[in-house]
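Across the two complexes that follow, subunit A remains constant while its partner is subunit B and subsequently subunit C.
After this line comes the complex of A and B, so read on.
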């Protein structure tokens, strides 16, 4: 077959595709953030695709903007490995622990899938924080991107909810008692704390009913919330752009291949780091969950859980109340600083708030590193 | 349409390679393997394939805290009854000549369906439902 015959064959397929559908079908990949530019639905499919991919980005867009893409990439890894884990995981108190042990010891690449899921859950929070830091540093949270910023904060909270709801699922002693501790701490929040704690624990103590709630939240409820927030976030990014005011001219490089190549490089590096961490630092199994035996030590596993457990351990409720209050303050940032200087040195309130947030995260992380015993049961 | 040069083909080849490796790993992971069996919670217990269970023979199987005597009679019929005698707690045996289940500890005899044939204790053995599908014998809890 000559080259012109091959081109004719390809053209025939494209022509058939264009006749069979219209460009509005591209709104599906657009919903998942895979297309950057707007879709010209009057154009044929192929041209609409090319026009969308070649939309020019503002000139200031570069490597520092790739962390959002890395966060999205890790979310997709989590979805993929989560689905793969659910092929073998059995959400019951009798079967959860042995089903994961079976996955690790009997299933080809089972260990890799499990540890990649575990590490991706840690890294996604880290990259989301770096992405957040970039937005604060460049001041792109301000009008007209307040809602984009708010969606970003809500996405961070959703990711933390994913981590906490997934933490119980291995049903080992560490998962069991850390969740018990977490639910006890949640109950300390005024007004809604007790209600939320009761809503998730269901029983007087963490039991099969709690496992069902956590599992349903982790695999059914939160993925829908994530999809909704992500699509809104992408939609708003396309509407308002990613760069500062005065730099929305679209005079920079086109999205494809320049920025896409950057995203690809970051994704490959992220994947390499993820597999290395999964291979060399696997998430160990504790003894099977036993409601009648309090473990001597209660290590928190994974970076986000370390922070959350550490925050709860800080005295005077600094972490317990400080972290949510700082998150609320950060979410409200664009409302109090609607306009102003772009240079970060001239935005002391925003930078100060974020520095305080980072400091509290660091202190919580250090507090979470020590072996702990749940205070509510530690005296037994 | 722009003609593909060498690097376009390399990029496409790399893409196909990555997708193929990913698919291969996924298939290895997802293909059916020996399933995890947790006897305490299974709705049925797999005993054996018919080919591996000769006629006129028996097997004593453990299912959680239950002992079950599975008998394949000369006719090919398979029955499953309680594996310990309710009279003395001893492990029951199958006599393939007399066609009877008996307790070695006391005079207590049952037929292959668990009904008392002789002995002082008149309690029958609990009988478990047997299912044969695709040449595999499984038993249910019968509760």
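After this line comes the complex of A and C, so read on.
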């Protein structure tokens, strides 16, 4: 009784709002993936909200479906810490390094924001890859979810672009010379390579103009791309729902609160891991960037940069051409395997491609762990 | 017709650069015919320092350059290849003449100077033709200034030039060692010059002289080394070795501890053992040597502690302007300490060691604070994990409550195995 009294008390305005507004207004939370499943536009707001939140997921949905959520959670952490970093960071050759020194040593918990941002950037690529692995394993990239899958691959590429554009910003020797190396490697791609490399480096060498362009890409251009791709990704998941898997069918638990609680647990674990990594393994400051001194050794910092640098180091262009080609091949998977078996043993092409992709990632990771060789100055 | 034109253009275009080079060097083909036959000497001579200063073949060799026939050209006091002693006289006729040398900012070389060297005495007095003449070091036709890296008397090439005779036992007097080049290459001087490309590092001529080349005498050595190591020289003369002078058995020169060709700094941890190679162990000098070693090692350890602390501060993103200045002072003091150590008085170093230690401690204290902060940061992991465990427990409990009454047991078990 008391519960219903409370409801009566608070809900007068809400009730009016619910009746006066229809589900179309929910397009905004839907954009950010906060609602589940398709909803009829003309339902009253409250009903639409409940219908959406309470929608039951297929019975096959379990813990393995939490990695997409973890990736999303890490993206949000990155946006939040990124905005906080931008309050203090100054994107110029003179001020970038000291502004981070100031953030690290003078601002309360400035160090935490910086290192959580650094580690979240590593973890987000890892969870995205695990999410990708789950999708390939369960075969849910096939029709009608081809576009969702394509958006997913593009999101992975966007995350890698975030990592590479953010890597230069600390403006220390490691950032500077790894970026120099990366731009030299980028220039090796035929036709567009030189053009792209020039577009981002602007100058003959990595300079203040390069820093400006990397910063703008990192904080203006890429966030819009991410937002666009993420909202498309979510819209499509809402439209198609989570795929039924082979033998496990029928309705399972509702999205809220059952699956949300799962996501909460995963988010808590992610957060605790992030804080621990940030406190125990902070990204150290290298010496300030110096275009006239090639550092004696050039460590690659962070899991995605290790992979990218390692891939570039592989002989015969295995990594340089193999990685993008495999990503394109993976993106094209739904075209090849539009119908057919969902059990992964009956999809040799998809699994073979994915195994090759994983193998290349592993080999690149190992190559990246080796001692860093500074780039030859001016050599392409 | 056309083919003749083409071929003549081809021939002309091949010949022209050579002709223009000669004209530029001040030669006119009609007046100067030596190089028409002696093509093998032409290129070297044209690159040399003399051709650009109006000195021609005839100035050294005589003859009539306007004649194209060999017999007619080789008249009028023509001298062909000359002996080593004749060459010395010929070179000195200009290079010993101050008014002629002044304009080129060259020091005149006199016969007296050359005679002072063992080379000069062997050649001019003993008529030993194995001894070098001017051309053996400077070249004969392609004579280049010593600033030219191609010149055999360029600082970086002198060791090689000297050793072309001195590493050959058949060309040096009996009993003279022939492994100086190898020793020098291992020395601090050799490494600085050859690997570090420091042309001011000592080569053979820096210590032995060039035209008056002779090993320096024992009592001259501190002054010879002191030409570059000026502060060390001053300190050395304040100490017991420098004070000993000629009174003891010839003096104790720099080379007593540092060797002559294989000149290196003895490892700082072996200073004591260098001392007892002459002094008796336990003697006052031996004990002083050990004390000296201890002082230097203590200062060096303080210096490396300061470097480590600076590294910790830099990696942690601290602003280290003050600490960098302190560290520069530490490095300056360390250099000063190594200079002052040549006075061989351990007590004289006390002040410097104390200053190095105190600066190092100042840097170290800040690094300690940063290390402590790092530890405090790591404590943050505790609330993070406590929160995590509580959060997970709460969420799982809520889930179990939600799942139990609504779903049948099979779904619940399925969830359990998956998690």
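The definition used in the following text is that the second predicted complex is superposed on the first by the 345 of 380 C-alpha atoms of A that agree within 3 Å, B and C clash if a C-alpha of one lies under 4 Å from a C-alpha of the other, contacts with A are read in each partner's own complex, and residues count from 1 in each chain.
Convention: a contact is a pair of C-beta atoms (placed from the backbone, for glycine too) under 8 Å apart; a residue touches a chain by one contact, two chains touch by 3 or more.
What you are looking at is a predicted structure, and each value in this text was computed from that prediction instead of being measured.
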Which chain makes contact with more of the residues of subunit A, subunit B or else subunit C?
C
Go through the superposed model and pick first if A:265 touches only subunit B, second if only subunit C, both, or neither.
second
With both complexes superposed on chain A, which partner does A:11 reach: first (subunit B), second (subunit C), both or neither?
first
Which of subunit B and subunit C A:284 touches, first, second, both or neither
second
Would you sort A:100 into first (subunit B), second (subunit C), both or neither based on which partner it touches?
second
By the touch definition at the top of the document, which applies to A:369: first (subunit B), second (subunit C), both, or neither?
neither
So, A:92: does it touch subunit B (first), subunit C (second), both, or neither?
first
Is A:59 touching anything from subunit B or subunit C once the two structures are fitted on A? First, second, both or neither.
second
If you stack the two complexes on chain A, which partner ends up touching A:252: first (subunit B), second (subunit C), both, or neither?
second
Regarding the shared-chain residue A:216, is it in contact with subunit B (first), subunit C (second), both, or neither?
neither
Quick check on my understanding: which residues of subunit A belong to both its subunit B contact set and its subunit C contact set?
98, 102
Touching residues of subunit C toward subunit A in the complex: what are they?
314-319, 374, 377-381, 384-385, 387-388, 391-392, 395-396, 398-399, 402-403, 407, 411, 414-415, 418-419
Touching residues of subunit B toward subunit A in the complex: what are they?
1, 3, 25-26, 28-30, 33-34, 36, 38, 40-41
Which of the residues in subunit A come into contact with subunit C in the complex?
59, 62-64, 98, 100-102, 104-105, 111-112, 252-253, 257-258, 261-262, 264-265, 268-269, 271-272, 275-276, 279-280, 282, 284-285, 287
Note which residues of subunit A are touching subunit B in the complex, please.
3, 7, 10-11, 84, 87-88, 90, 92, 94-95, 98-99, 102, 106-110, 113
